[in-house]
Every structure is written in structure tokens, then in C-alpha cells.
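Two complexes come next, and they have one chain in common, chain A, joined by chain B in the first and chain C in the second.
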Partner chain A sequence: MNESLLTLQEISAALNGRAVLKEVSFDVKQGEFFSLLGPSGCGKTTLLRIIAGFLTSHSGKLLWSGTDITHLPPQSRDLNLVFQNYALFPHLNVFENVAFGLRMMKLDERIIIERVKESLALVRMSEHALRRVTELSGGQQQRIALARAVAPRPKLVLLDEPLGALDLQLRRDMQVELKSLQRQLGMTFLYVTHDQEEAFSMSDRIAILNSGQLEQVDAPEVLYSLPASRFVAKFIGNANFIPVERTALATARCLASQQEYSLNMANTSLANSASNSASNANNILGDVLVRPEQVELVSTPLTNQTNSLSGTIQLRQFLGANVRYHLELEGPERRMMIVDQPSTQQTICQPGEKVLMRLPKSPLPFFPADSAQ
Partner chain B sequence: MVHFTHRLKGNLMRIWCLFLLLILYLPVLSLVLFGFNASTFALRWEGFSLHWYKITLSNSEMLTALFNSLLVALLSTALAVTLAFFYALWAHKNSNTKLKGASDSLMSLPLFIPEIVIAIGLLVMVVHILRPAAGHIGIQLGSLSSIVLGHTTLAVGYACLVLRNRFRTYDSQQELAAQDLGANKWQVFSRVMLPQLMPGFAAACCMSFAVSLDDFYVSYFLSTGGSALQTLPIFIWSLQGRRAMTPEINVVSSLLLFIAVIFFVAGLWLNQSKAVPDKTEKG
Partner chain C sequence: MKWWGLPAKVWMTCFILLPFVWLVVLSLQTSYTASPPTKLDFHQFNRALTHPYRGIIRDSLLMSFAAALAVLMISVPVTWLISRLPRAKRNLWLAFFTIPLGLNFVVRIYAWFVLLRPEGLLTVFLGRFGFAIPLVSSQFGVFLGLVYGYLPVIFLPLYSVFERLENSHIEAAQDLGASSWQRWRDVIIPETQSGLLASFLFVFVPMLGEYLIPRMIGGGLVATLGTQIESQFLGSGRPNWPFGAALSICLLLSAACILVICFKILSRSTAERQTGWSISHIV
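After this line comes the complex of A and B, so read on.
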């Protein structure tokens, strides 16, 4: 892609003696929609505050197109923040809220008026310029906060869970709008959220943060199909872990059902490192990851096949586009699996029915047992 | 029938409220009315006249007292509001600490101490602590500085209460937002914080001014000295001791009433006017 705009180098931080961020490093590239995703309390808001300049990191560096800005005060950074609760100025009207950053830049009044109008048009709030911000609805306040942040044309816009307070439908509409706005402006967006659907729908790349540690930075597709850790696999979408024993470099035996089905395994770095760490490639315990939609259900005949497991349907949920089955695998562990089938499929399996789950022929990501988290 | 009793109840309530208002305002109304008395006696009505207003407004002793009162009120208001502002700012910045809850109670507690107790306390303090310690810089019994000090003591509690209340609807995250948009510390204060606290400031000023103007006890006890500064309430007090009371006392009291009421009402109104509806949600 383009050159990097913001670089984090081993940023660490502690609050009240508790480590909140542990040597977080990543790059945000010019013009990209980058998301910081993690469960609440993972340190993403702290990281955002460090980037904005409200907090200083314990150690590590912050680079802005190569120059060190670690100790630059917030007002001198070429970035603007959209706050979670918007933090609009209630004593100023919509126009003056949006104009605030421009006035701080001491621009010509004519240019200020022009830029405010432009920004309000971008968020489709032009007709509300003279209203008080306290008269606006949550969604409208959100748009004004956005307009206020983009009006000074910063290189980077930080967004701190800006859609958190909106209802679901509005949130989905805003996701589309935010994405197209970012495209239109060509600005770099750094978006903080705990909602994986939100991050997936907008981002070019996502950084996943878990209790202060960076788990993985990748495009959404890669995160989904090749998660770097069990945490990432579980945090993004639904994950089925099937315990296996590696019998050869490319195959494994499923342990849960005591059935010797051979499974293809992914060529992930994890799988490779696992084979390196052990003296021989055989008999490494671990799990393979199977996404619910990767499985195909076959009701008959119940013959043992390669890449398939048998189980019993416990529960069936209709989810619109998909039908979700909760299955219990055969075997003493009675392990549960989630399987999604397109609802357009003709065959409908009923609870209690014994079925065969056909796993994909493609390689599956493998997580050795010692990497359990 | 139900409708009728309903209306009767409504009317009874109305009469009751009128009665209450009468109790509240009759003394004041009669005072103002008797300021326009033509008689030479304060309490005997002999017809309407502006005679005593003319006499009072040309009484130089009264005018000096009025000037003193306004000066003392102005100075003590400035002092009290400044002190209260820094307290409110501190309490706002440290709103998580346990200390703050205790300090808010401590700040407003003196409002419930009888004024005469505070007045005597001040007298003792000025005589035994301040005069020996700081006599040479002018804190003498009955001096302007001692009375300003006393009135500040009375007013600061009210000012704290009003300003703290105003800060409660103020979201300091806006300061971060302003900083983020390029504002320096001074711009954050003058463009974000101050405009939102302005109604609170104005209210605190009006309250403090009215409290100082109203005060009798503190001024009385602190002006035990001979060449003491005379405020308007003290002047009124001296009027009734001299000779038979003329309507002049009503006129002066009415003047004091007008000034105090203007400031008090303005203070209340400013404090209630919501320049900032508190719709800020904590995230």
C-alpha cells in the first residue's frame, strides 16, 4: 500500500501500577481505514489517548511519517479525535462547533465559512448549521462530531467507538457512511471498537488487542481464515476447535471422537513453529480451527469418510440467511460444534438426527496445545 | 358535583396561596408604602408624599453609608467569588476523591451557623488574632478591610454552593476535545470553560453582593470602634435610636430592599437559567 503515516514502536503503559499496554507495535499506512479491535478493558482506549497525546506512554516511541512525536502536546498533532460521547461544545451552535478547530488555526473568516459548509455537507447536516447541538438527536450529534474532526483536514482521524450509543439500524447506516466518507476524503482513519462486525465492515486492516498485547494485525479476510492465536480465532466469528493429534506433517487424527479421521492442516506459521519445536513432527497435540460455514452436513449414508466426523443434532436455529445447528460430537467428551448451513439448502436436519459433518478439504489452521491461552 | 368540588378545591388552593404570599410580603409592602408617608412620624399615615425621599436622598450621612455598603459589597463579592471559583475548580478536577464530598459539606456548613455567632467569632478573631498580627497593614476593628473580610466569610459559602452546582453540568471531556482541535490552555479556559460557567459566575456574584448588602450583625460587631465604617444597615439601626422615628427610616430601608432584591432575584434567575442543558452522558 502507501507509506506509513503513524508508527507505534513498543508502546507500553501502566495505570495505577497495572500494565495496560505491553510493547505494542504497528504501522498505520497513509489513507487506510485501520481498526483497533479488542474486548473492553484490553487497553485500546488507553492506546488511543496516547496517540492523541492526552497520555504519555511509559516507554516506546510514536513516529509520525518518521519523526518522533512521542512528547508532542495534543494541540500540535495533526490528528483529530471523535469522542465516544461526542464531547460537543454545548454553548456553541452547530456551525461554531465545526468551526472550532478552524478558528484555532486562525484561518480567514471566508475560508472558515467555506470549510464549515463543506464539512456539514459531507455529513449531510447543512440545514442544521444554526441549531444548538443540544437540540440534536444522538445520530445527528455524531455527525457533527465527525464534521468537527474532519473540518481542519487533519492527516489522521481517530474515532473512539463513535457508534456505540446509536441503535443497531443507525449504526449499520453510519458504518457505510463512515467508510464512504473516508474514501471520499482520502484521510487515514484509526477506528477503535470492541464490535468485530463493525471493524470487519469498514476496515482495510485490523489490529487485535488482548489485555494490552497485540495479537495480530491483518486484513479482515486473513484474520478470519488464518488467525494467529486461539484468542483471535474465538474473538472473530464463531470458532470450533477440534482436538487432534498430528500423525504426519500434513494430517492429523481427531481425538474427540476416538475416530481416526485424517485432517488436512494449514501451512500456518503456527503449524510450522510447532513442528520445529518438537523433535519429530508426529504426535503433537493441539486443535484445528473449523468455522461453522466450512462444514457440510450429510444425513445419509453414515459411512466413515476422510475429513468427516459424526455427531448428533441438539438444536436448530433459523437465522435468516443461515440455519445454525448445534451438534454433539460422538465420543466420551461430548464436545459441541456449531455448524451453519445456507438456508437455501433443501435438506433440513432435525434435532436428534445423527449426521455426518464433512470438513473442508482445504488446510485448517492448527494450534498446538502448549499455545493454549 | 364532582366537577364542582374539584373546582372548589382549586379555588381553596388559590386562596391559600394568596394568603401565604400576603404573609410573606405584607411587612415589606407596608414598609415601602410608609416610605411615601407625608407624616413626620414613621408609623402614622397622613397621606402620600415624596417629601421623605427628597430629604433622605439629600442626607449626606445616608449617602456615605450607602456608598460604604456598595463598596464593601463589591470588594467582598470579588474576593468571595474568586476564592469560591478556585475551590470549585479544585473540587471538579478531584471529583473522584473522597475528600471532595467532605469538603463540599464543610464549605456549605457555615450557611447554617447563625450569623450572630459568626459575627462574634469574627470580632474575637480580629481583636485577638488579626490585630496583633497584622495591625500595621490596616486590619483594625471597624476598618474597611475588617468588614470586607467579615462579609467575604459570609458570602463565600453561597458562592461555593452556586459555582459547584454549575460545574456539575460541565463535562471536562470538552477540554480534551478543544485541546485536540488545537486550543492551548488559555483558549480552553476562555472559549470552553468560562462561557459555560458564566451564568454560575453571575449568580454567585449577585448572591454574594446581596448577602453583603443585607448583613447587619457582622458589620455591627466589627464596628464597635468609635471611628468605624458605617454601612447602610448600621445607619438604619442608628436612626431608630436617635429620636422619634421619621418616615426616613422607611425610605432608607426601602432603598436597601430594592438594591438587595434586584441582586438576589438576578442571582436566582441566572442560576436557574440553563445555558447548558445537562444532556451529557458519561461514556
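After this line comes the complex of A and C, so read on.
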């Protein structure tokens, strides 16, 4: 599980003179479900094509269990790609589509039949073996594309937004199915998507890419609670930033309420920031990150509460499991905040009401003001 | 059918169906002088299918087939490469190869004739390397002429066939381990085969009736179906329209036969691919 299968070393690429990847490095470990997440145009598709071998990186190396495969052609790489548009062969039926990779390996006919049956059973498409692929629905085509990719039993399966064309319900079902399939096969999956919910629901680890640069590689839980940058914080879930002044290494004072907060020092952006090494005593302006569900609303406005802020409710949205409040913070900046309260909670606040927001006692991630965005 | 289908129907009747019926009637006459036809018989067809015309028909079929195949073989790699270029560059290259279509056919063929003459550049050049073959007034010369004349014609249809082929299919094959020639054998050709066949027929059929190229390059010494038909209608000797009509119908029928055979082979190979390998094992 901890053996690294694929290693990217400072991969850079340019398309038409424009840099699309800037020294991207990460490791994909044997047997993990790894996602490449980023907004459209962040370079994730380019990176995927480099890994598959359809593009060559400008500089940097691609290692496969330690051996250099940077210049290996796609047909010689022990990985298969599930294409975004499935790219099934319209002139072949379902069986022959799945058998394609096996035929290229020149396996014995008996083994081919065995493996195709097995792969079709995995995606629950056995009864469609003799149909034309053009007769299948989008979801069925998606399964065949997956079966075709896993049939030759590659070490790594690349998936290029394979659920993008499916409707929401089917997409959710397929997420569960993909994940259990990956467990069952014990194969390494590298999944490319722009949908953070999709990446979160399946991945062991996620690499976040932003305009060609790698922002962070971590488990979903870590990405959510300890984002390395403001971009990651905003891209994953809803993020509230509260302006503070850092007074000591692990404390900050809220500019609006003059209250002290404890800071999370595990936060990498702070640990790496140049100002950190310069002087700990110097006060640094910045923001702390608070997730919407970390806040507790108290409708009776009391002053002098610890770790709390006051604000006015602007909007209330009922979201099923949660009620979402949009609040305006008291203070010169009038910042907006999003607060989620479980809908099982009895107290219901109305727009216009003045409330107190009680922030968590646990340490909060801090982002210095000079770390752009 | 709405009313706007009417012009097409009228056109079909007046300019295709009626002339065709007239051609058939003409071919069943004994001689052109008997008009209106008094007696209908197969005399002209009998003549068309015996020596020397039977040989001419066979040779024309073979030569057109070979020339159309050569045109296809030459143009497939070129159009393929053009279709895989970045979009902006494609049109320029396409224009390069289809500009000859804008030139007069006679001028083009004459230019080719100049090269093929005994003192022409190509003949002299080949002679230097020990290939002293007569290129004019020979079957081979006519073959070369057909290939040259029809290359620009096949370009556009063939290009549109390849242009429609999705790159991701080829990439998928490559990703699944297919080498360059396996991608051609297992994906590119099977996916485009109906288009390839249509492009082939697109040059093969007019080649069969071609008379200008055999006339100019064959120098009257190479008899083809096209030249025979032409001389029966327009020849300086004794024109024989009924016989020309019979030859025309022979041409039409042989073209139709080849068309049918080609499509039969195609649909059978597709059916085999769809089910052949797998059906016995799965069910």
C-alpha cells in the first residue's frame, strides 16, 4: 500500500508557448484511489495526457516504480485510460471492445473469453456482451469503457472525468460503484475531476492543481481542515475568512471584536511564510479560516463572550440537513459569512436578527495577508 | 413528400429516367437507320459480349480497378496526415492538393502527356535508371494517366472520411497496447471502411467510362470501354448509336455489379466483426 507506483518529478509543460504545468511533483502509491482536482483549465487534463504518454512534458521526469518512463510510448505503459467521451469502438460489439486490450496482448482465446466475462461481470454488464456499443445508454457505455480499461489488468487506471456526462443520481451511484470496484480489484486509480464532491467521496488522497501549479496533496480530511492556501480553502467547501492580527506564534486578535483566538501551527502556508522566520514577535495581519459548520449561532446577543463575533442575518436557506445563514459581520469591512446549522436545531433565526457567532475553541488555520488571493 | 420534392421528381424523370429508357430502347435496335424501331432484339449486346469487345470490357474493368486502387493507396496516407494536422493548417494543405481540380482537365492530361512522351522528362529520367518503358500509347501509360487525373478527385471525399474519425478512438487503441499498424488494422480501417469504399467507387466508376485519357495518352492504340463508346457515338468512321448504347449499358451494369459486390463484402465483414468471434463462446 505504501510502495509508490508513479512518481512525477517537477513536470512542466507548455502549450502554444503558454505554460500549463509548472514543476508538478507528487507520488501515487500502489493501490490507492488518487484524485487530481482543479478548476477547468488548471492543467489536469494535460497532466493526465502526459502520464498516459500522449504528450511529452517540457521538462521533468515520470517514474514507474522507480524506472524512468518519461519517453515510453503509450502502448508500452502498463496503464489504461477511461476517456471522458468513453471512446468506445463503434465497429465492435461490447464483448470485442472489452477484449481489445487483451487481443493486443496476444493472449490465448480461452483466457480472453474468461477475462472479458470477468470484467463484464464486474461492471454488471454481462447480459449486454453482444450488443452494439452505439445502442447503449451513457451510463452503460461508461461501464463498458471501465471494463475495457481494467480487463488487461493494468497496474494503474486513469480516469478522465468519466462521470461528467451522466446525470446527478447516476453519478452518485457510479461514485460508490467505482470506489468499491477499485477496492475489489486492488488497482491504483488516478481520477481526474473538477468536482470536489466527487473527488472527496472516493479518494484516499487528492492533489489540488491551480493554474498549472500543485497547491496541496493530502487526504480529503486534511485538505478540508488544514488547507495549505487560500485557494484550496475556497475551492474545497465554503470558506469564511475573518480578518485578524497575529499577536504571537499561536494566537491572533480579531480586528472586529478584539478577541483572542488560538492558531493552528500545522498550517503549512504559515510555517513556510517568510515573515514567520523574520520575527515571531511582529504582528502580522491576515485571516483565519472558519468552516460554516464550525460556528454556533446564539440568538440572544450577549457581549464579552469568548471566541465570538456578532453580526446580522441577511438570508436564510433551508438545505435539508442544514439551514444556511448568510451573515454580515459587525465591523468596518462588513464581511459576509456563511454559517450552517443542523436543521434539527430548535432555534431558528430570522433575517435582520442580530446574532452572536461562537467560533470553535480548536485552533484555526491562519493565512497572512501578504499571501496573495 | 411535400410539394418541394416535386422539382427533384420532375428532374429525375426528364433527365435521368427518360434518357435511360431511350438508351435501352436504342440498344435493342438492329441499326440506327430503322426509326421508329420496328423490331427489338439483343443483337447489339451479342456483339458487345464477343471478341474483341469482351476483351476490351474486361481490360477496362481491370485497369480502372487497378488505377482506382492505386489512387486510393496514394491518397490515404496523405489525406490521413492532413486530417491529423492542427485545424488551421489543414485547409492550406487541402487547397494545395485540390487546386488541380480548378484547371482544365484536357490541359492537365496534356501536361502529363508531355512528361510521358519518349523525349519527355519522366521517360528520359526512368531510362537513365534502366527502366526504358514506353509510357505513351501503352496500357501502363494510360494507367498512369488515370492515376494522375483522378488523384485530386478522391482527395476531398477521403479527407472528409478521415476528418470525422475521432482521435480519441485511435488514442484508446494505442492506450490499450495497439502498435501503429495494429491501430490501422483494428481501428482506423474498420471504422472508415464504408467511407474508403465510397471514395474508391467515386473514382472507379468515372474511370471506367473515361475516354479522354486513353485518347490522349493511349494515342488511339489503347482501346477502352470509354473510347469505344465515344467512337460509336462521335467517331469519324461510321457511328453506330445502338451499339454504343449497348456498350453503355454494359458499362453501367458492370459498375452496378461491382458496387453491389463491394457492399455485400463490406456488410458481411461488419457483421462478422460484430458477432463472429464472440457469439459461440458467450451464448
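The criterion applied here is as follows: the second predicted complex is superposed on the first by the 348 of 373 C-alpha atoms of A that agree within 3 Å, B and C clash if a C-alpha of one lies under 4 Å from a C-alpha of the other, contacts with A are read in each partner's own complex, and residues count from 1 in each chain.
The criterion applied here is as follows: a residue touches a chain if its C-beta (ideal position, glycine included) is under 8 Å from a C-beta of that chain, and two chains touch if they have at least 3 such contacts.
What you see is a predicted model, and the numbers here were worked out from it, not measured in a lab.
**Q** Based on the superposed arrangement around chain A, label chain B with chain C as either clash or fit.
**A** clash
**Q** State whether A:93 touches chain B only (first), chain C only (second), both chains, or neither.
**A** second
**Q** I'd like to know which partner A:52 touches here: chain B for first, chain C for second, both or neither.
**A** It touches chain B and chain C both.
**Q** Examine A:113 and indicate which partner it touches, taking first as chain B and second as chain C; both and neither are also allowed.
**A** In the superposition, A:113 touches chain C alone.
**Q** Quick one: is A:165 in contact with chain B, with chain C, with both, or with neither? Answer first, second, both or neither.
**A** After superposition on chain A, A:165 lies in contact with chain B alone.
**Q** Using the superposition on chain A described above, determine whether A:185 touches chain B (first), chain C (second), both, or neither.
**A** neither
**Q** If we overlay the two complexes on their shared chain A, which of chain B and chain C does A:129 touch? Say first, second, both or neither.
**A** Second partner only, chain C.
**Q** Tell me which partner touches more residues of chain A in the superposed arrangement, chain B or chain C.
**A** Counted on chain A, the partner with more touching residues turns out to be C.
**Q** Scan A:148 for contacts with chain B and chain C and give back first, second, both or neither.
**A** A:148 contacts both chain B and chain C.
**Q** With the two structures laid over each other on chain A, which partner does A:101 touch: chain B (first), chain C (second), both, or neither?
**A** It touches chain B and chain C both.
**Q** Using the superposition described at the top, list the residues of chain A that contact chain B and also contact chain C.
**A** 52-54, 73-75, 79-81, 83, 85, 87-91, 100-101, 104-105, 148, 152
**Q** Inside the complex, what are the residues of chain A that reach chain B?
**A** Within the complex, chain A contacts chain B at residues 52-54, 73-75, 79-81, 83-85, 87-91, 100-101, 104-105, 134, 148, 152, 161, 164-165.
**Q** Provide the residue numbers of chain B that touch chain A in the complex, in ascending order.
**A** Answer in residue numbers: 171, 173-174, 176-184, 187, 191-192, 195-196, 275-277, 279-283.
**Q** Given the complex with chain A, which residues does chain C contribute to the contact?
**A** Residues 166, 168-169, 171-179, 182, 186-187, 190-191, 270, 273-275, 277-279, 281-283 of chain C touch chain A in their complex.
**Q** In the complex formed with chain C, which residues of chain A make contact?
**A** So the residues of chain A in touch with chain C come to 52-54, 73-76, 79-81, 83, 85, 87-93, 95-96, 99-101, 103-105, 113, 116-117, 129-130, 132, 148, 152.
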